[in-house]
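Look for chain A in each of the two complexes below; its partner is chain B in the first and chain C in the second.
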Partner chain A sequence: MKNIFAVAGVVIKELYRRKDFYVLFIVTILICLVMASINIYDDANIVRYLKEVSLDLIWICSLVVAVTTTARQIPAERENRTLLPLLAKPLTRTQLILGKFLGCWLACGMALLCFYVFFGALAASREHEHWPLLNYFQAAVMHWFMLGIIVALSLLGSLVFAAPSSNSTICAVIIGGILFVGRHLDQQALALREPTRAIVNALYFTIPHLEFYDLRDLVIHNWPLIAWKYIGLALLYAAGYMAVFLLGACLVFRRKAVN
Partner chain B sequence: MSTILRTEKLRVEFRSREMRQATKIALCGLDLEVGTGEVFGFLGPNGAGKTTTMNVLLGFVPPTSGAAYLFGIDVRQPIARQRIGYLPELTYYYKFLTAEELLRFYAKIFGLPRAVADQRIPELLKLVELEGAAKRPIKSYSKGMQQRVGLAQALINDPDLLILDEPTSGLDPLGRMKVREIIQRLKNEGKTVFFSSHELGEVESVCDRVAIIHQGELKALGRVADITGTHANLEKAFLAIIGFQLQPVS
Partner chain C sequence: MASPRTYLLLLIALLVACFGVAAHLEPEFQAWRGSRSTGDIFNIALGDSRRMFANSFYVKADEYYHSGYYPSIFDDRTAFQTAHMAADTGAVNSKNHGDEHGFLGPVRNWIDGFGRHFFPDRHTHLDAGGPADDLSGSQNVREILPWLKLSADLDPDNAQTYTVTAYWLRERMNNVTEADAVLHEGLRNCPGSYDILFELGRLYYESYHDRDRARNVWEEGVRQWLNLDPDMATQRRPVDQMVADWLNRPLNLVKAQKDNQLVLEQLTTHLGKLEEEEDHLPQAIQWFQAGQRVSETPDVIQKRIDGLNFKLGQKFHPLLKPLF
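Moving on, here comes the complex of A and B:
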């Protein structure tokens, strides 16, 4: 376990010492600030609209951070050959994969925490009635677990596709496809003939349904909280997918020559 | 003297894309034994299979057939690497970390207690003369300084076996002398050093035994004096063993 935390620590250090991360972070915050300064007729709908745009931005930013950070981990280690002195130590490849995953996931979590705290403060400055703290908590936790699935998927991709750029692009396309099309696959399957219908149905039940984790409306419209048992089930579902992707990554990496 | 490093009929084949999936034999039935406290030189021209042998010993590359053992443990077991230190040919370290952070990270991987690491890290930084630059990121170091960080990280766990892949490559004469001094010091402490080098004069001066490989095959193995034999020096013997004919200058 110590080895996993040591590797995770280095991943987090690397991310927080990269300038591009800060640029992304500052640009997101600046755009949110500009959005928050707009005040038209003191209309509540406008505030909701601004919240939606800001949350969209946070979602895009978090997805970019998760995919780009994870996609480059193992390829960069191979390219810079930092993998050699590392694997010459009593560190197993499984520990390395788990450490990389944990580091990227925790780093995403920290970035997300900053975004949500900032967003919450911004929203609170515009909405004076009440501040739905638990709604924010549910949305942030679900968002973080969704990023966990994406980090695990990108890590697996980084072992299959050697170049970080191609892995980032492919992962972005897959994640975009799941988010926008995944939820409609079962409906689409009804209009198809066999065996295509069976294939599309199988795909529907195989892919991780990332849309479960999209609780933006809960925050935007101040909807009532979702029952905690459903949140718990969704987190278990995410943990299952993370485990499957990480197992795949470990199996691919286990026999790979690193010279 | 017990055996600390052993290879048995080690064979490594690579499928080369450039050669349209033809098989390239990198190592062909290599048998080696290195005993405790030896300084062992591993020699060969470029592409002979030195780095491949080290890669197998460190678990980077699985052998096609045969086996390799460190301290009697199969090299595929990570525990086999608990008591070794490895210095790669070039500096492959996290450039965004400082030397101190890098050493602390590796100390954690070796499971060194914090108190031991706190004591060992300044000692090593002093040994490689980097105590003044310990808080600077490695990316700001010169090549020689980076190589010295490499040496420090190879010694962090006080290893019983040190595997050095061309440790003096790219170093200035002062740096080379320092590396030689450290190897000598380790030898005096009873540590085993297994290193590859193209600096045959250096090998002659510090090694107890040497092995010469060429095209993946072991060509000679023995004490430096035995290998040199009737030749003027190790370099001449090396050239004769790998079948290189010196052309007279016209």
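Moving on, here comes the complex of A and C:
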């Protein structure tokens, strides 16, 4: 565990030394402040459009941070020729993968914390009587676990695909596809002929349903809290997919030449 | 090697040539219909595609009206063909049918069933309290306004955006001044729109209690609606004469009139009610007769006409009252 945390610590340090997160965070703040300054029929209590813009930006930025940070971890070690010295230390390949995953996931969590604190402050500036902190907590935790799946997927992709750019693009397409049509794949399968129908159905039951973790509509429109048992089950579901992708990454990395 | 003086003269000559060409082209550029220099930012950036975006923002406003419970392109949308926020204003023909509460259908499998815990899954309207079912929160309908404003900015020719915005501003936000401004902006962009004239008349009648102005704009709305028929639009006549003429003709509506029968019914019944309140019974009867021609419930209006005829009879022949 000590080795895993050591690797994770290095990854976290790398994130806060790089400028990506700061740029995205400042751009998000600026866009939200500009949107907040718009006068809409002289009504200062209109807030939901602002919450939507803010959450959309947070989602985009967090996905960019998660995918790009993870996709370059192993290729960068290989390119800088630091991978071999790293593995020469008392560090197994599995520990390296788990350390990289944990570092990226925790780094995403820290970025999310900043984003959601800003989001809460922005919403509170307009919704003076309504502070649904538990709803924000549910949204943030679910979002973080979804990023965990994405980090694990990108890590696996970084070992399979040749370059970080191709890995990032393919991951972005997969994530976008799941978020936009994942929920409806079974409906679409009904209109297809065999064997395409069976393939699409199999895909529907195989893919990680990232849309479970998208609580934006519930937060924006002030819906009541989700029952905690469903949140717990969704987190277990995410943990399962993280484990599957990490296992895949460990198996691929075990057979991979490091130089 | 040329001297610096030559370069200077060349530069001056080029500047003069530039100025001459600019002075020559400028008037032509200003007169050119394809010029983008005078358009708004949306027009410059998006061109005609802005109407498509305007429609999607209009739908977005309706999605907010339902607090996020809204069918995607993959779901059954038959109950959402007309925006509910527009249908609830009472001035728009609803084409909705089907089950608005259950467009998701029965649970298909465990993933579908589990996923329904993580997005809005209940049909609510913001003006009826939204997800909290708290009627005191009906002012939350304000949340649809940013998207309607954006939609109106992108497509200024869509009259319905102005009427829906003004209705909610007036009815739930009690912001009559802004509603008035929105409708006048709508009239500037869509001159002669009977939808906007109807809503403006309602604003004058219900909020300002100004019957004369309400009558004027409603009558103008009826005139504009009748003028959709090229046969009616040939002469400029008082609107009551146009209506009398229209009532004497066989009912032969052009397509635009068929699609907008509800607004004429609303205009004429509101005018009938206004005239009845002012004891102008013959005029009221004429307005109700006009409304009856396009109404989906002519029997209800006939009862109203019968009542007015009875009152009119009592007014002019009081001795004919029944003795029992």
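The working rule: the second predicted complex is superposed on the first by the 253 of 259 C-alpha atoms of A that agree within 3 Å, B and C clash if a C-alpha of one lies under 4 Å from a C-alpha of the other, contacts with A are read in each partner's own complex, and residues count from 1 in each chain.
The rule is simple: a residue touches a chain if its C-beta (ideal position, glycine included) is under 8 Å from a C-beta of that chain, and two chains touch if they have at least 3 such contacts.
Keep in mind the model is a prediction, meaning the values are calculated, not measured.
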Dominant toucher of chain A (residue count), chain B or chain C: C
Which of chain B and chain C A:19 touches, first, second, both or neither: neither
Touched partner set for A:10, first chain B, second chain C, both or neither: first
Touching partner for A:186 - first (chain B), second (chain C), both, neither: second
Partner chain(s) touched by A:84 [first = chain B, second = chain C, both, neither]: first
Chain A partner contacts - residues on chain B that touch it in the complex: 51-52, 55, 58-62, 78-79, 81-82, 84, 86, 88, 90, 92-97, 101, 105-106, 108-111, 150, 153, 163
Chain A to chain B touching residues, read off their complex: 2-3, 5-6, 9-10, 13-14, 17-18, 80-92, 255, 257-259
Interfacial residue positions of chain C with respect to chain A in the complex: 64, 67-68, 72, 74, 108-109, 111-112, 114-115, 117-120, 130-132, 142-143, 145-147, 149, 169, 173, 175, 178, 182
Contacting residues of chain A [partner chain C, same complex]: 38, 40-43, 45-49, 142, 181, 183-184, 186-188, 204-205, 209, 211-215, 217-218, 220-224, 226-227, 230, 233-234
